[in-house]
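Please find the structures below.
What follows is chain A paired twice: with chain B in the first complex and chain C in the second.
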Partner chain A sequence: MKAYLGIDVGSVSTNLVLIDEQAHIIESYYLRTNGQPILTLQKGLQKMAAKLPMKITVNGAGTTGSGRYLAGIITGADIIKNEITTHAVAASSIVPGTKTVLEIGGQDSKIIILRNGVVSDFAMNTVCAAGTGSFMDQQASRLNIPIEDFGPTALRAKTPVRIAGRCAVFAESDMIHKQQLGYNLPDILAGLCEALVRNYLNNVGKGKEILAPAVFQGGVAANVGMKKAFEKALGIEVNIPEHYNVMGALGAAILAREETIKTGISNFKGFSVANAKYHAGGFECTGCPNMCEVVEIYKSKKVIARWGDRCGKWSNSIAQSEKIS
Partner chain B sequence: MKPTVGIPRALLYYEFFPLWNTFLKSLGVSTCVSPCTNKRILANGLKNSVDEACLPIKLAMGHVIELCGKVDYIFLPRIVSVAPREYICPKFLGFPDMVRNAVPNVPKLIDANIDLYHPRSKAQKNLHEIGKLFCSNPMRINRAHKTACQSLISYKKLLQENILPEAAMEIMACKEIVFKNKHSKYDSNGPTIALIGHSYNIYDQHISMDIIGRLKKLGVNVVTAETLPEEIVRQGATILPKKLFWTLGQQSIGSAIHYLSDPAISGIILVSSFGCGPDALTGELIERYIHRTRTIPFLKLTLDEHTGEAGVITRLEAFLDMVYWKAG
Partner chain C sequence: MKVTFPHMGYLWISLKAMLEYLGVEVQEPPPTTKKTLILGSKHAPEFACLPLKLNLGNFMEAAEIGADTILMAGGCGPCRFGYYAQVEYDILQDLGYKYQLVVVEPPEKHISEFLARIRYITGGRPWWQVINAIRFGYMKARVVDDLEKLAQWRRPREITPGSTDQAFSSALQLIIKAGHPRDIPKAKLQGTHLMNQVQVDERKPVVKIGIVGEIYTLLEPFTNLDVERHLGRMGAEVNRSICLSEWINDHLFMGLIKGTRSSKEARRAAPPYLNHFVGGHGQESVGSTVLYAKQGYDGVIQLLPFTCMPEIVAQSILPGVSADLDIPVLTLVVDEQSGDAGTITRLEAFIDLLNRKYQQKEVLA
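Up next is the complex of A and B:
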């Protein structure tokens, strides 16, 4: 059986998805990146390889997320796609006719407006990351509740308190004030969900026409409190797909399938890359006052990729030496 | 010894440099332009500016600092207005004073007023004030002014052929026709994208993260407000019920409205810097006009001090996917 691999290396989580030819998910993993994208990716590949039934062959791979180039180099991806396109592709494959995708991840949030199955508009958070997953994570640990209980606790709220959601720092101090005044935890958490939704709709969703069917995905969609707050604010039903937390990877897998059908071959290096020794190094280039921080990816002791230089002096030198060899 | 005047490569440099440069050179002054923005210039600018200044102002501060110690004068005219009944951003007006108070041992500033707000005021008179510093012959200053205006006209013509400012200045410096042919109007068969934003943002390769170069590498043609003749831009801006009195905002709106109705344009990208007051209004107006028509892919990019390019790359890639998708 032919299968396609999708990998989403994000700031908070690294997700892997294996789909069959009908884009059904065979296997999916959601792993915490923990600041070590390469190791986490390899761990995910190892896990998947161990579970993989014998009769399956991987015929294509796609990567997405902020670490997509890194993951693409390591796995030999057939397609490296930005996360907006992959999320849109995945949402419309799960909920045909999707008109709005609400996505909140670890460090970014985005809204994608689809009309007639194609993206017609999108926005991502600009200079502020307030209201994304990592802030909720941080608040949960400050309040000493497991992140999994955040949503269910918020659902128990009777009168959500009003929290200033404009900025994460203000939201935190507002929460502390409310908590010191004696408001109960469910009301504070539900208030936080509402504040974050308000902030999301005012910033990312500003001026966008949000129509049903709407799909809510990304790690934060695990939080039922957020779903409820979205539905309350928008007045429409918000769908959460079964694999809400790996939608980017699913989109990458679907695109990898399309790509390899077009080209007929795959560059996927196989699961063995999980056991190779990769590490990242870097240096500050002193060629000009820009002092670019150049990142180097090593396989064993050989540099296989470089980026981060504005002028292209270092990244191009790799591309050329590869052509020669 | 000829005095040297330093010109910061910032703010209205991309609009007026050929005029300033020709004027000063015709008066027997040598000029020195600060280098292209780099990390050090930006860092110095950030360190020495007030917190609430916008990124372009902070950057201009860095360019001034870069010129300190290398020149006798720094050319920082206080540009109040460049067209009747219109203004340049108020932060630009205060900039010479910010420099004087923030930069120790700053060379002498040439901060004569350039104010054409009143329909009867003349640029010539404003430039005379500057000319008097270096030349006592009013006739010679007049002649310098005329050649300067000529060179601004030829510069604008080059820009309208869709040649980038730095390349256009190079062409003017070496008067090389062969060179000009290398920069043909459209260099790829890909879609054409209108890039709307202030010249000091979109043409500064460092703070714009080389957005023009990136788009070109992705096989896209880029047109800007500068590609259009001024009359067309002004015509576009008449869509507003009331005349906008920010010259730079008017450029953005006028060109965006024009490109919106141009069938050859496949998408519009609006670039603004974080914390820009006038753009908070004009950017919003442009966005609303575009959303009202809903016919063209649109992307808004906000620039600030970040050096991570991933954010810009992701948005550009997604935007182009949208453009190609729409084209089918």
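Up next is the complex of A and C:
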């Protein structure tokens, strides 16, 4: 059986997905990146290889997420795509006719508007990360509740309190004040969900036409309190796909399938790369006061990729044919 | 007297040429880098926009290498920039820098007002010489703009990545070296020749993107994280709504030179979306988006520094323009961030979106 691999190396999590030719998920992994993208990726590949049934051959691989170039170089990916495109592709394969994708991850949030199955508009948070997963994580630990209980607790709210949502700093102090006045926990948590949704819709969703069917994905979609707050604010049903937390990887796998069907061959280097010695090094370029921090990726002792320089002096010297920087 | 001025893209080439032609000693700041940003943001008010911080950094770096007089533009609101010359000067004074400040306010009615202000620096030199110097600076700006347009066309079509940028920087050197107005035509010819030597694939399909927004962010590649270069390398042909020579003609010459694009057209195209001036280039951003849509561009990118009031007005109006005229618009807000991964992700996704639309159009046609 032919299968396709999708890899999403994000700031918080590294996800791997293996799909069959009908784009059904055979296997999926969600791992914490812990600031070590190469190691985490190799660990994921090892796990995947160990579970792989004998009769499956991997016919293509795609990478996405902020570590997509890194992962692409290591695995020999057939496509390297940005997260917006892959999330949109995955959402419309799970919910055909999707018109809106609401995505909130660990450090960023985005909205994608699709019309007739094609991305027609999108937006991503630019200067502010208020209301993303990391902030919720932080608040949950401040209130001493496990992040898994955040949503169910919020659902028990009777009268959600109003919390200032424009800025994470305002939200936090407002929450503390409400808490000291004696409001109960479910009402505060539900209020926080509503504040975050308000902030998301004003900041990221600004001026966009949000139509059903809408899909809510990314790590924060695990929080049922957020789903309810979205439905209340938008007045439409919000779908959460079964594999909401690996949608980027799923999209990358689907695109890898399309690509290899078109080209007929795959550059995927196989699961053995999980055992090869890769490491990242780097240096500060002293060519000008920009002092770019150039990253170098080594396989054994050979430099196989370089990036991080503004002028292209280093990245161009190694990859004349590949357009990376 | 050693005159310096803030950087704004290739503005320094023109200003330096003009002042040196008049025999004024010039010490331009070192190119804007991370060091400039660190110096500027350390001493600037936190809520000011990026241009103020970088101007300040430029002046501090220029002082290290001997500059003692600042030549700076003014303005008269609603954009805060009008105060920047004075605010920056006060901060420098507090820090103990010994600078003289000359503010060139844009003329309100006639070019003669501009000439009178520039007199301070030019001293007793005859008027015809001053006018020739200004003409010289303007000619350089024109040629640099023309070369940039060649680069914008070639970059997405180049066969060897980076070859356009290489040719462009060599061509630029020729223009910088031209020391007299009579040397300009030859430098232009040679520069154009260099650009035309870049091997391109002329039949390659490329998407066309118009860039609108705040002038400083548009013209200074350091602030916009080199969007033009990134877009070019991703296969997009770029056109910028503001070019230095057009801006000089509009604001300093009051449109004296005919036959070039003028911001008047952009302002005229803005109604009914935005009917009046809102400061900076807010109205032009809206109008230029309308014009780009009508000229068949595939998409528009708006650039603004964080907290830029005029562009925030434009930003909230652009979704309406985008829906009415069916042209995708992406807004990028820049501040002190220096990591460009986020910007590249947004640009890539935007180009994907435009490519899909482009393919649909091709199928229908």
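We adopt the following convention: the second predicted complex is superposed on the first by the 319 of 325 C-alpha atoms of A that agree within 3 Å, B and C clash if a C-alpha of one lies under 4 Å from a C-alpha of the other, contacts with A are read in each partner's own complex, and residues count from 1 in each chain.
Methods note: a residue touches a chain if its C-beta (ideal position, glycine included) is under 8 Å from a C-beta of that chain, and two chains touch if they have at least 3 such contacts.
Quick caveat, the model's predicted, so the values are computed rather than measured.
Chemist: Once the two structures are overlaid on chain A, check if chain B and chain C clash or fit side by side.
Modeler: Superposition result for chain B and chain C: clash.
Chemist: With the two complexes superposed on chain A, say which partner A:R310 touches: chain B (first), chain C (second), both, or neither.
Modeler: Touch status of A:R310: both partners.
Chemist: Which partner does A:M124 reach: the first (chain B), the second (chain C), both, or neither?
Modeler: Both: A:M124 reaches chain B and chain C.
Chemist: According to the stated criteria, A:C167 is in contact with first (chain B), second (chain C), both, or neither; which is it?
Modeler: The answer is neither, since A:C167 touches no partner chain.
Chemist: If you tally the residues of chain A touched by each partner, is the higher count for chain B or for chain C?
Modeler: C
Chemist: Where does A:T85 make contact in the superposed view: on chain B (first), on chain C (second), on both, or on neither?
Modeler: It touches chain B and chain C both.
Chemist: On chain A, which stretch or stretches are contacted by chain B in one complex as well as by chain C in the other?
Modeler: Residues 66, 81-85, 118-124, 126-127, 207, 288-291, 310 of chain A touch both chain B and chain C.
Chemist: Quick check on the complex: what are the chain C residues that touch chain A?
Modeler: The touching residues are 30-31, 33-36, 160-162, 165, 226, 233-234, 306, 316, 319-320, 322-323, 328, 331-333, 335, 337, 340-342, 344-346, 348-350, 352-353, 356-357, 360.
Chemist: Of all residues in chain B, which touch chain A in the complex?
Modeler: 38-41, 206, 210, 274, 287-288, 291, 294, 297-298, 300, 302, 304, 306, 310-311, 313-315, 317-318, 321-322, 325-326
Chemist: Looking at the complex, which residues from chain A come into contact with chain B?
Modeler: Counting only chain A, the residues touching chain B are 66, 81-85, 118-124, 126-127, 207, 288-291, 310.
Chemist: Under the touch definition given earlier, write down the residues of chain A that touch chain C in their complex.
Modeler: Contacts found on chain A: 66, 81-85, 108, 118-124, 126-127, 206-209, 288-291, 310, 312, 316, 320-323, 325.
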